[in-house]
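First, the structure itself, so that you have it in front of you.
First chain written, first letter: the chains are A, B and C, and each begins at residue 1.
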Amino acid sequence: MMTMLIELEKVAKIYNRGAANEVRALAGIDLRVAAGEAVCLKGPSGSGKSTLLAIIGCVMPPTSGRAAIAGKQLARLPDRFLTLHRRRTIGFIFQRFNLLPALTVLANVTLPLLPLGVSPVEQRRRGRRLLERLGIEHRENFPAGRISGGELQRVAIARALINEPPLILADEPTAHLDTRLSHEFMAIMAELKAEGKTIVITSHDPLVAEDKVVDRVLEVIDGQIVAA
Amino acid sequence: MLLNSWSLVLIISSLLVVFLLAVAARSAVRVLRFWDPARDDSRQISLESEIWLSSTLVSYALGVQILSLVLLVLAADDFAAVISGAMCATGTLLANPFGLPALLVKLLGVFLYGGWLVLHRLDISSEHYPLVRHKCWYLLALLPWLAADIGLQSLYLLELDPDVIVSCCAVVFRAGDQGSQLLVELAGERVLPVFYAAAGGLLLLGAVTWWRLSAAARPAATGSATSATAGSATPAAAGSATPDRANGERLRAADPRLESWLVLIYGAGWLLFLPLALLAITVAFSSYIYAMPYHNCPFCILQPAYHYIGFAIYIPLLLGAFYGFNVPLASLFSRHPHLAESATAHRRHALAASLLLLILFTAIASYHYLRYMIGGGQW
Amino acid sequence: MKQQLAKQLNLLDFALSSLWRRRGKNAGVMLVFTAVIFLLASFHLVTSALTERAGEILAPGPDIVIQKMSAGRQEAIPLAYRQELRDFFGIRRVVPRIWGYYFDEVRLANYTVIGIDPARMPMAEHLGQSLAAGDFPGPVAESDGPPPAAVGGLIAETLDVAPGAYFSLFRPDLSLQTFEVSGVFAEATDLLSGDLIAMELASARDLFQIPAGRVTDLCVYVHNPAEIDNLARRISEVLPDTRVLTRGQIERTYQAVFGWRSGMAAVCLLAALAAFVILAWDKASGLSPEERREVAILKMVGWETADVMIMRAQEALVVAGGAFLLGITLAWVHVLYFDAALFRPVLVGWSVIYPSFGLAPRIELADLLLLFALTVPPYLAATVIPTWRSAAVPAENALNE
């Protein structure tokens, strides 16, 4: 019996409900992703892809429907508890990496550990271990604003992994990378999947959708999921 | 006596607290009107976000209130230089009918704001935020208190007249037959035994409460179910237990009513102990600190001349009382479906903290007295 | 508990690095804040030090001073009034004194002239000990020489005299009275003696042409200081046409005047504080897109709103705390080493001659708390709402690029 890490049932998201500028971003999404699975979400902009990612990522609760991530029900969960769950469960990799350029690479990687009360010694230990694994330990003390695109990507991955989350979400990760770096990225995803992590990637890039790591490709159109 | 650095700082502090709590109250009104956890719209998100603003505002207000309490005493002490007859804060606080009430209202305000913060901490420990409305009403109920605080303080400062002669503490707090003393016929010798008995009693009560609460928290012994009616032993328990052990289990078994009574009595104990302790400090301990039998002032011990020992005495006392009151407060929610765990944990911590602070307070307050008694009058 | 502490320290670390990253803006705020605290603290320290000084100076003075009043104004008191006080039990001594002001029209300066009997007046001993050079004028011998007078350091400077030199003053009938400088008071006592000319009682009587048998005040010294108010009351009953001043009353008047003056100045400085608070609000409110992005990222990687607020509050505390410490230190240096040069005109009296004070300001916990409460909480309160707004940036902003 597979454990379901992501269980969405008739999930809807409506912005500005009741107002003149009401927007139905998601209309009754059903989605089940098992632990250890890798899924790719495709779809044009405005399709609700980002909203879906935000709900899976415990960034916002659904308006209606049942959403459970790693066993936790998200509906009617206040922001504080969404955050507490998110910090334990989700590792985010953003399209533009979203690092703080003035901070060093190591400081960026260990950012999620600060509010957890992890000691500076332990922070450095965990951070260095990840940087070594990703082959960028020599950039530890460089300001993040001064390293190359490929290295930025690895720093972003390291930050996403620092809390050892079971679920990795990547939003258009290869949008600003060349082919070589894109392949490197997918190789790292393959390693993570082999370790048992669950992966959800949103991407237009056929390189991603067609990679052997991806178990399923789903298309999001007008707030609904259509199997690709 | 408004044109004076101390008066100005007291007025500014009061205005600050008004500002902080007025903004918090506005947020509270919005929450009461629009709070709906079932909704996920921007207004609900905004209200959830305002919780953090309110809690920060009340925390700051608490900080300023504590500071303002200390400032009032220091100000009164400073005014003693211009008020005839007053030699220290006691005289100036009694210079008009508003001084002492202003002080007491401020002191109580510290407890009330602290109470709100405890409620807030319990509330945010649950995903359902079950106490949101209670917190809002509590906050709104604080506003009249705030008005009283500022009103009394302002009246006190306005009515302070350097030309009116007041009595100093030696007259006010002395046992005797004349004048305007407050504490008639209360010699230190009579108060101290009562004080120590009360402290000991409270400590004992706290220890018993701790024991009962710990027992209730532990799973029951070998085999029997955790639910607690004595005498309804299951066959397994009956088979394995000797009569003594069964009795022991019954003693240690959880009895919610007993625990409720214990925590309530413990809180009430602190309610009685606090004024008694303040009295003991005033009529007994202080004169040993000053090494002067007729200097019975509860405020001069805060001065640098006495190494600020007053702070070391009052802080554990007031903090201990605060935690002591927290014990029954937390108990109110220990069976709440969403708050049981955090309320029980908080109750335990509050009980432990109040007991430790009680011991600390008693030790520090008694130090000079014991030193005199044991070491003799001259040193 | 340990984890909570570690969390606070981590957030503080981030707060410090954040402050450093925006050091330009934060330095500006801190500088202005320091200046405001410096002004308030200087003022407070000066007034406390002056009040204490006044107390010290008054200490060797008489316990009670009796002056005759007529139509609400002071006039010379007959020596015969001493007879009425002969039977008062608690009085140790009643000593006559002539105390007046001499206006030097050439130099447009007021000098304080005091005529006392050095053998009988305890103050003389105190003043005598304050001499830097020479002697206190002793009893006037029936010799030809001009009578002796001890002068304050500032007068010696103004008149350009030293012990042994001569100077002259005009009597009311415009005849000249010449004096010989017997001694000069030490600079350290300038606050009391700077503009003082001390001489024997008879010389002062001659200078002011006060009739024989009268003086300006009678100084009363008592056995038991606790009885001063009691005796003062009884004296005023026995001598109804006099004004009876106790030392305590004079001290309180100084206190009240200093307190009043410093209160006035404090009100003005509070305007500066208010302006600063508005500045602080304004600066804190401006959230740059960069800052918004940073908060969104923090929220995204698992920081709660409360964590961001704590971090920002720590930033504010560091700025306020740093400004406070710096402001207090500068104020202390200003008062101690520069004699509170910025505030003297407001606080010091109406004379032309300004002594240097040599003030030794004392900073106690009470002073620190007063100044802290006046400055830091208003700043923190001004930054609360802007801080919250910046912490309330939603995490999904990080997703929407």
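Quick note on the criterion: a residue touches a chain if its C-beta (ideal position, glycine included) is under 8 Å from a C-beta of that chain, and two chains touch if they have at least 3 such contacts.
Just so it is clear, the model here is predicted, and its values are computed rather than measured.
Closest to the middle of the protein, by Cα centroid, lies chain B. Set against one another, A-B and B-C show the most C-beta pairs in contact at B-C.
Greatest centre-to-centre distance from chain C is found for A, with centres as Cα means. Each chain gets one centre point, the mean of its Cα atoms, and the points for chain A and chain C are 66 Å apart. The distance from the centre of chain A to the centre of chain B, with each centre set as the mean of the Cα atoms, comes to 48 Å.
Separating the centre of chain B from that of chain C, both taken as means of CA atoms, is a distance of 39 Å. Chain contacts: chain B has residues 45, 49 touching two or more partner chains.
Taken residue by residue, chain C touches two or more other chains at 305-306, whereas all remaining positions touch fewer. The set of chain A residues touching two or more other chains comprises 60, 79-80.
Chain contact summary for the complex, chain A toward chain C: residues 50, 53-54, 57, 59-60, 79-80, 83-84, 86-87, 92, 94-96, 98-100, 102-103, 107, 111-120, 159, 163, 171.
Chain B contributes residues 2-9, 12-13, 16, 19-20, 23, 45, 49, 52-53, 55-57, 60, 63-64, 67-68, 70-71, 74, 77-78, 81-82, 84, 162, 304, 308 to its touches with chain C in the complex. Partner chain A is touched in their complex by these residues of chain C: 2-7, 10-11, 13-14, 17, 21, 293-294, 297-307, 395-396, 398-401.
Those residues of chain C that touch chain B in the complex are listed here as 44, 47, 51, 248, 251-252, 255-256, 259-260, 262-264, 266-267, 270, 305-306, 309, 313, 364-366, 369-370, 372-374, 377-378, 380-381, 384-385, 387-388, 391-392, 394. Contact residues of chain B toward chain A in the complex are 37-42, 45, 48-49, 124, 127, 129.
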